[in-house]
Every structure is written in structure tokens, then in C-alpha cells.
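Two complexes, one shared chain (chain A), two partners (chain B, chain C).
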Partner chain A sequence: MITTFLDIVISGLLMGGIYALIAVGLSLQYGVARVLNISHGEFIMIGAFGTYILYKTAGVNPILTLAICGPVLFLIGFFLYKTLFKILLAFSDSAEIFEGKSLLASFGLLFIIQNIAILIWGADIKSYSFLNIGVDLGGALFPANRMVTLLFAVVISMTFYLFLAFTRMGKAIRAAAQNPRIAGLMGVNINQVLALCFGFGALMASFAGGLLSMCYPITTTMGMEYTVIAIIVVVLGGLDSIVGSFIGGFLLGIVGSIVTYIEPGLALVAYYAIFIILLLVRPTGILGK
Partner chain B sequence: MKNKVFTGLIMFVVVVLLAVGFYTTNTFAKDKIVVGMARPLSGPMATIGDSAFKPIYDTWTDEVNAQGGIYVKEYGKKLPIELLIYDDKGDLGTMTRLTEKLIVKDKVDFLWPSCGTAFVFAQAPIANKHGYVLITAEGGATHVKDMLPSLPYVFVSLSFSDWYQIPVLAELLGEKGAKTAYITFRADLFGIEYSGVAGIEFPKHGIEIIGLNSVPPETKDFAPIIKKAKASGADVFCAFGYPDLVLPATGTSMALDYNPKAWIGGPAVNFGFYHTTFGPAAEGVLGFTTFACSQSKAAQTLCDKLYKGKPEEINDWWGHPLYWAGLECWKQAIEKAGTLDQKVIREVLATEKFNTVLGPTWFENGLMAKECHTGEIGQWQKGIFEVVGPTKNATAKFVYPKSIWPAPPKK
Partner chain C sequence: MDITTLKSKKSLIWWTVIFTIFILLIFLPFYTQGYAVVLLISILVYVILTLSWVMFSGSTGYMSLAPAAFFGVGIYTSALIGKVFPFPITVLVGGMASFILAILVGALTLRLKGIYFAIFTFGLVMLIAYSLLFFEIQVTGTRGRFVIVMDYNTIYFYMLGIFMLLLLTTYLIKNSKYGLALRSIGQEEDAAAHTGVNVVGVKVMTFAISAFFMGAVGSVMATKLTYIDPFIAFSTTYSFMPVAMAIFGGTGSLYGPIIGAAILTYLEEILITKFAEVYMLIFGAILVAAILYLPDGLVGFIQKIWRRLMERNHVDT
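And then the complex of A and B:
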């Protein structure tokens, strides 16, 4: 009985770790930079393909590839905000108009990135086997690659949380999330902070993609599936709460694990049921204000 | 009077010249065969389309055009093939609209198939309604068999569950003494059909199904399912689904040290990327197939054409030879008919035999006859996806029980 309980909880945490990492990136981009980035999944896809290609062609350890792909994606995200979204912001009369325009622009980005990826890497399935061995925890076996994924998801998220909580830049980001106008008046370079947030969001997506590729097959069209999961988790956790997204990811993972244990076909139903109940009971999300 | 006769003669000559001109324009000025396709060049279905029928029609068309095209007696010359391909983005509605456009507006000479079983169901009645011959590629289902009597212009090339994969699998397993099976299947038409046919065929050979799980397409965590299967102690584990199910299910089976006597999955195991993903650990895994290179000279030639010098990932041992054979049948039917008239070509396809990579090939009630299949069940053995069933076509003996996964769990 205890083994079964452990089995379900740890399975949920393993899945939840990935969900959390995916969602933290989107939460940053929407919570602070006000861009509901529908192309978030495409950044995950690029991270996954980066890891796959470095591993398959150059034999780079998939975990090490995170240190290569992450900064590249960060720069891409940073410059995307500095160019595309900054222009949109300049031509928007209000935050609401900017949100609408950036949503449409990110839709466009989704198709552009996806089609470029199809042209470069094709549309077929890519997969590799990494750490496909079992780890015994309290009598229950778990795949080692997913344990590594959970470990890195937690480490990356915690590091980022500490960065937000204790560094000057982190405080500037939090200030910008609470009130960008006042933060600007207090001397925070808002445009720089927003661009950094978008870059950090892309960085997180890249990490998530790299970790995902260790456990699941990848394709150039995989992005939308993960964008949907990220949106569910972000809404669940609270639109402006990075910690909330983290908790939301794990909550979704554990619920999914319990339901999958009973009947795998009902996992998605359970996700949406939680989503609807939370919207009715607490529309701002778990930690939203 | 003379003037009237003269005018009449002039008019007669003009009419005759116009008629001859019109006839010759249509008969002799034909310089190519335009083939239309609505294919998933982007979107979620592109993953399947790119690795299945696309490499076949690309290679085959290049080869035929390099020889000058297809000889059509009606025109007294070879006509090269020109492909007109629209992107249906993997959307069923878009595919049907594009198919209508290809027929009605573009007036293509022939139609080649869209991608996926559901798409076959949607496209077949359209092609049939307009009297266009359609030899399908990626798609086949038991239910298609029921539709075919009312769709005389539609011909199905791909083998599928009860045509004749699962009966052969059940026989192979039964002969080796398998007694129990655990089945997990994707919750869609494909998975339901394969598990349903297994439910009929396995008991005929003394195999009891002791576990059955459907999994929705978005399932990521297969550990609970693999743990249940392991706990059941079943001799055979079946994963009837697409690569998004079969690849993680294989990885999870390895990680959780689940070693049934037979592990079958598909479609996925039949692709080269399955082997490149798992390497030697794929040893003994079963999947669906049609041929192996060593089976015949023709098979070896096709292997060389399609795969030599290319990454192993592109190999598809199940669909590729059948799609190739379908196109060969189509070409030979045109040559035998001597015309591009769809009705005549349909008649030839329905009644005659053709020489293809599979050997003598023909259609039986719209399906490529099962006697033409040069394999149904394959097994990875020393890096080659060997044909192990039916026994008469086998390129290697069926290994049962399979060897254990080479990566033991760390405890």
C-alpha cells in the first residue's frame, strides 16, 4: 500500500517537474512582459531539437546541452522582445491593446518558427535513448531519465526563484510585474527588464525542451501541445505568480498520476475538471492576486 | 449560286480544320500527366506524411521521369509526371476542399492519396464521386473494407490489422506457446481496431487477454501502465499506437525492467528511427512489416534505391514497399489501358495482375490481395528488421522469448 502510494506520488512529481518548468517560462513572459506567448511551445521544441542534434551528431551529454541551448534561446528571446514586441509596445495606447497585439504576433511567430523548423529538420519523429534505466525508490522503480529531469526542473526553478528574490535584477523584475509604471519612476529600466523576462522565458522553455527530449520523442510540430499545458498551469497557479506556476505544475502532475493509476483515459478530463473548478472557486489561480 | 457554294465550302473547311485542331490539341499536344495531391506538408500529420508516402512518391516519380515518363498508347509517347501538391496542414476539412479543387478547378489527370486512415475515409468518396482512381497509401482499416464495395474507384495498398497482420501474429505466438497477453492501445480508431482484432484472433490460438488499457493520445507517463502489465505477468505485451505511444512505452519498459516474452508495438517499431533510438536494445522487439532487403532481388534493389547512403531513420519496412507497389500497379495499369481514361484504368486495376517489387500483385475487392504481402510481422534481430511471419515469407526464425533489455535497473 505504501509502495503504491509512493509510486503514485513520485510519478506525479516526475511529471509535475516538467509541467512546472514549462509553465514558469510562460508565467514570466505573461506575468511580467504581458506577452501571452502562444509560440512558447516552439521555443521548447527548439530546445529539444538543440539537445537532440548536439547529442546525436557531436555526442554532447544531453544535460550539458542545456548550458549551450539555454543561452542561445535567451538571446533569441531577448532580441525578439527588443525588436518585435518593443515596436508593438511603442504603437499600443494601452496595456490591453499591447496584450492583444502581442498575442497575435506570437501566433505569427508560432507558424514562422514551426515552418522554419520543418524546413531545417523535417517533420519526422526524432528520438534517442538516454538513461533508460530504473532507479529503486522505496520498492518502486522509476526511470532514471525522468528522475534527472525532475532534479533539474527543481534546481533550475529554485535557482531562478532565488535570483528573483535576492538579486537587484530580480527585484526589478518583481517590481515591473507589480506595476511597470511606478517601477519605471523608481529608476528601473523597464524595457530592459521586460526584454530580460522574455529572454528568461525562452531560456526556461529551452531547458524544458532539452529535458523533455530525454524522455519523449520529439517533432517539429510538438510545440502547441506544450503551450496548452503551460497555459493551463499558469492559469492554475495564478497569472502573475511564478511560484504559483511551480505549485500548479506539481499539482497537475500529481492529479494526473492518481487518475492515470485508476484509468489512463481520464487524465486529461481530470486536468480540465481541476481547471474549471479552480476558475469557478478561485478565478485568480492558486497564488494569483 | 457559285458564291454560296464557295462560301459553304470555305465554312466547311474551317469547321473541319477547327474540329481537327481541337482533336489534335487534346490528343497529341498532351505533354505531361498532372498528378494532384493534398498532403500534410506542415502541421501535426506532417510527421507521418514526411516519413511514409513522401519519400516513395519523390523517388518513384524521379525514377519514372528519368526514363521519360509513362508510355500512353493513346498519345503514342511517354508522358512525364508533374506533381501538383497542396498543403492540407493535416486538417481533414482542408484536405477535402483541396481534393475537390484538384479535381474540379485544376482538372488534374490523376489523384494520389492524402495521409492517414481518417483522411482515406474522407477522400475516398470524393475521388469515387468524380470517377477518379485513388490508390491509397498511409491508411487502412477494417472498416474501409466495408466501404470498398460502394467505392469502385478506390484501391487500398496498405496492410492492416485483420489484413493480415494480427491473424499472423496470433498464429506465431500461439505456436510458441504464449498463453496470456496484456494490451495497451491508443484511444482512437487505430488502437480500437487493432485491440479489437487481437481480441478475436488471440483466443483462437489459446492466448487469453488478461489486461486491456486504452490511453489517450496526449498521455506522457506510461509508467503506471507498464507497472500494471508487469504485475499481470502476461507472456505478451502489445502497444497498439503511434510512435508517441510506442517509443516512450519501450523506454519505460526498459527502465522498469519489464521483460515479457514478446513485446510488440506499432506503427513505430517498423521504422528505422526505432532502431536508431534504442540500438541493440531493440533486439527481439516485434512490429508490423512487409519486407526485408534479403527477401528477393527486387526487394534488395528497392532497398538500395530508397535507403542506400541515407540515414537509417527514414526506413519504413511496413508501408514503403506497399506504397511503391501501389504506384507500380498504377503505372502498369495506365500502360495496359493505353489511355488516361479513369474508367478504363479502374477496370484494369480491378481485374489484372501486375509485376511489382512484391512479385505478382493484384487487388481483390479493392484491397491489395493478402497473398501479395511478402510479410506481416517483423522482429529486430542483430540490427535488421527481419520478416518472421508468415513463416513462408520469413527471412529469419521467430525468436521467442525475446532477450531481456540490455540495460538492467540500478538498485
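And then the complex of A and C:
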């Protein structure tokens, strides 16, 4: 009984780590830069394939590839905001119009990125074996690669949280999240901060993708699934709360693992049911104001 | 010539043009065969979805990503009762089922503002799709269903009929006090409520009427698909495409969404047949470019150029 319980909770936490990382990225992009990035999952996919390619062709340790793919995707995200979304922002009369337009633009981006990825990497399912050894945790066996994943997800999120809490740039980001106009008046270079946030979102997606590829098979069409999970988690945690997204990720992971234990076919149904009920009952999320 | 006769003359020309187009469309299957009708069916599906979407979202500013939900409900209605009832009744039931779903959804959610409404409606589509998939596999033991087959000409005439009805409904709403109420909600909802507009009632009703047409076109479309499963019926493509087409054409006028849907559907057909590998790439690029450089849509852009040309003429004379 206790072993089963542990089993469910631990596998929930392992999945939850990835969810948290994905959601923190989206939360940055939506909570601060006001772009509900439907192509978030595509950045995860690029991160996953980057890791896969580097490991397969050059033999780079998948954990090291995080440090290679991350910055590249950060730059892509940064310049994407500087070009595409900045123009959109300039043409939009209100914040709501910008949110609608940027959502659609990111939908277009999804098409573009996915198509390019299919052209380069094909549409087959790919996987590699990394640290695939069992670790005994209180009577239940868990693969070591998932433990690494969880560890890195927590470390990355914590580091980012400390960055937000204690650095000048972190303070500027938080100010921009609260009120971009006033933050701008207070001397925050607002365009730079919003672009940085979008870049950080892409960075998180890349990390998440790299970690995912260590444990699960990857395809070029995997993005949408994770985008949707990210949206659910972000709503769960409150649309503009980064801490909320982090906690929400683990919560959803555990819920998912409980439901999977009872009836595997219902896991996604449960996610969407939680999502819909939450939006109706408490649209500001568990930690929202 | 004074201004009123000029106006009535202009509207007379418009009505003649619309009337002629409809006569041509009605007789089209009799003088062409094969592909033209199939293409027009695809175009009509998206035109109806886009126009229905604009009916609610274009004027109120609430971005609904629910078209796939209502479209899918229509498709499933057709699969469930299509073999039992005569087809016109199936179409009507498909529309009504979506209508009722929209009233429920609308009453529950229209207090959600901005992006919350968009992601709620998006989640709704996915919830229905996954629940239905679970139900089909667990209870009926199959993944999909077969739908009754009809010939393309019949499908075409049903689509055309729904399109005409939708056009009439949109026109009537636009030129009634309800249209005015809708636009006032879109501009400033609180002010609309204060001036005596039954904000919730008007929103829910319009949402439901637009859903009726999406459901109806879905139940006709099912017969063209012939085989359906939850992910074919509730594909998110049907949610995003109408929005993209409306933005591309321009939501300010009645013909903007029609032109947008027609052009993009035609483009999609060409790209899929000729450049299948890069179809998504080109389509995505066009979508992004349209959002970036055509803020008022294609129609708004053309109107702007037209106005500029006109002004130049005035200055010259």
C-alpha cells in the first residue's frame, strides 16, 4: 500500500519537474511579455532534437548539451521578440489586441518551426538511451535519468527564482510584470526586459526539451502536447505567477500520475477537466490575487 | 445628383452583384464537373465558419477558439443520427445541439475576459475530444464511426443554403439594434451595460446563433469526410483557421471574412497539392505576415489604397 502510494507520488514528482520547467517558461512569456506563446512546445522540440543530434553525432553528454542549446534558443527567442512581437506591439492599440494578435502570430510560428523541423529531421520517432539504470526508492524502482531530470528541473527553476528575487535585472522583470508602463517611467528599458523574458522563456523550453529527450521518445510533432500542458499548468498556478507555475507543475504531475494509476486513458481528460473547472471557479489560479 | 439617390444607386449595384453571384453559384454544378464543386465545398465550409466566428467575436472582441467544438458537435450529430433521420432534420439537430452547447458555455464563461475566454474555449475543444475518445474506446469499443455518404452536388447545395441563411442572419443582426448593442459591448462593455444593454443576454444569444451555423455546417461536412474519429471532428485547426482567415480578410465588413476565407482555402488547396512538404511553412509565413502588415485585413488595406487614389483625384481636379 505504502509502496504503491510512494510509487505514484514519486513518478508524479518526476513528471512534475518537467511540467514545472515548461510552465515557468510560458509564464515568463505570458506573464511579463504578454505573448501566449502557442509555439512554446516547438522550442521544447528544438531543445530535445538539439540534445539528440549532439549526443548521437558528436557524443556530447546530454546534460552538457543543455548549456549549448539553451543559449542558442535564448538568442532566437530574444530576437524573435525584438523583431516580430515588437512590431506587433507598436501596431496594437491596446494590450488586449496585442494579446490576441501575438497569440495568432505564435500560431503561425508553430507552423513555420514545425515544418522546418520536419524538413531537417523527418517525422519519425527518435530516442536514445542515457543513464537508463534503475534506482531503488523505498521499494519502487525508478530510472536514474528521470531522477537527473527532476534534479535539474528543480535546480534550474530555483536558480531562476533567485535571479528574479535578488538581481537588478530580476527586479526590472518583476516590475515590468506588474505594470510595464510605470516600470518604463521608472527607468526600466522595457523593450529590452520584455525581449529578455521571451528569450528566457525559450531558454526554459530548451532545457525542458533536453531533459525530456533523456527519458522519452521524441518527434518533430511533439510540441503541441507540451504547449497545452504548459497552458494548463500556467492557468493552474495563476497566469502571472512564476512560483505558482512551479508549484502547479508538480501538482499536475501528481494528479496525472494518480489518474494514470486508476485509469490510464483518462489522464488527459483529467487535465482538461481541471483546467476548465479552474477557469470557471478560480480564473486567477491557486496563487493568483 | 443628390447624396441619397447616389447612395441608393450604389446599394442597388451591390444587390445586383450579390444576386448575380448567387445565381452563378446555384447553377455552377450544372455546367462544371468534378473538382470545381469539391473546391467550392471546401471554401464554403471555411467561409461559413469564418463568418459565424466574426458574427460574435468580430463585433464583441471576445476571441473564441471554440469553432472546432461546435463544428465537431455537428459532425458527431451527423454520425450518430444521420442514418436514422432524413438529412435536413440531421442538419437542424446538429445546429441545435451546438446552439444549446453554446448557451451553456456562454452562460458559464462570458464573464471571463480577454485571453481567459480564448484559452477556456480552446480547452473546451480538447476536453470534448479526449473525453469522447475515452468514451468511444471504453464503451463502444471503436475509435471512429462511418457517416452516410452523399454526392458532392447535394453537399454543395446544403452548404450554399446554410451560407445564404448565414449571410442573411448576419446582415439582419448587423442592421438591427442587436448589432448596435454588440458593437457597443465590443467598444466599452461597462458603458453598454449602463446604457441599458442586456450585456449577458445579447452576448450569449449571438454566441449561440453563431454556433448554430457552425454545427449545421459540421453535420453537412461529416458526409464529405465519410469516416470520423474524435480527433478528426474536434481538430483545433477548425478553431484557429477561421480566426486566421477573418484576420487576413478583415473583420470590419461583411465581405472581408468571405474574401479572406476564400483566398486562404484556395491557397491551402494549392499548397497541399503542389508543395506538400513546405505547405505549413508557407502558410505560417503568410499568417505571420498578414498579422504584421495587414492590421485591418486585406479588405482594409485595399480600401486604404483606394481612398488614397481617390483623394489624389480630388486634388488634381
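To be clear about the criterion, the second predicted complex is superposed on the first by the 289 of 289 C-alpha atoms of A that agree within 3 Å, B and C clash if a C-alpha of one lies under 4 Å from a C-alpha of the other, contacts with A are read in each partner's own complex, and residues count from 1 in each chain.
Definition applied: a residue touches a chain if its C-beta (ideal position, glycine included) is under 8 Å from a C-beta of that chain, and two chains touch if they have at least 3 such contacts.
Just so it is clear, the model here is predicted, and its values are computed rather than measured.
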Check your understanding: What is the contact status of A:L279 with respect to chain B (first) and chain C (second): first, second, both, or neither?
Key -> second
Practice item. Answer with first, second, both or neither: which of chain B and chain C does A:D7 touch in the superposed model? Key: first
Review point. In the superposed arrangement, which partner chain does A:D240 touch: chain B (first), chain C (second), both, or neither?
Key: neither
Check your understanding: When the two structures are overlaid on chain A, which partner does A:E42 contact: first (chain B), second (chain C), both, or neither?
Key -> neither
Practice item. Classify the contacts of A:L268 with the two partner chains as first (chain B alone), second (chain C alone), both, or neither. Key: both
Exercise for review: Pick one for A:Q114: touches chain B only (first), chain C only (second), both, or neither.
Suggested key: both
Review point. So, A:Y128: does it touch chain B (first), chain C (second), both, or neither?
Key: first
Point to revise | Intersection of the chain A residues that touch chain B with those that touch chain C | key: 114-115, 118, 265, 268
Study note, to complete from the structure: Interface with chain C, chain A side, in the complex: residues 30, 36, 84, 87-88, 91, 96, 99-101, 103-105, 107-112, 114-116, 118-119, 228, 231-232, 235, 239, 265-266, 268-269, 272-273, 275-276, 279-280, 283
Point to revise | Contact set on chain A toward chain B in their complex | key: 7-8, 11, 14-15, 18, 114-115, 118, 122-129, 132-136, 141-145, 215-217, 219-221, 225, 256-257, 260-261, 264-265, 267-268
**Study point:** chain A-facing residues of chain C, complex
**Key:** 61, 63, 108-109, 112, 114-116, 118-120, 122-124, 126-127, 130-131, 133-134, 137-138, 240, 243-244, 247, 277-281, 283-288, 291-292, 295
Point to revise | Sites on chain B touched by chain A in the complex | key: 40-44, 46-47, 49-51, 187, 213-216, 218-221, 223-225, 227, 243-244, 247-248, 251-252, 254-257, 271, 273, 276-279, 281, 313-314, 407-411
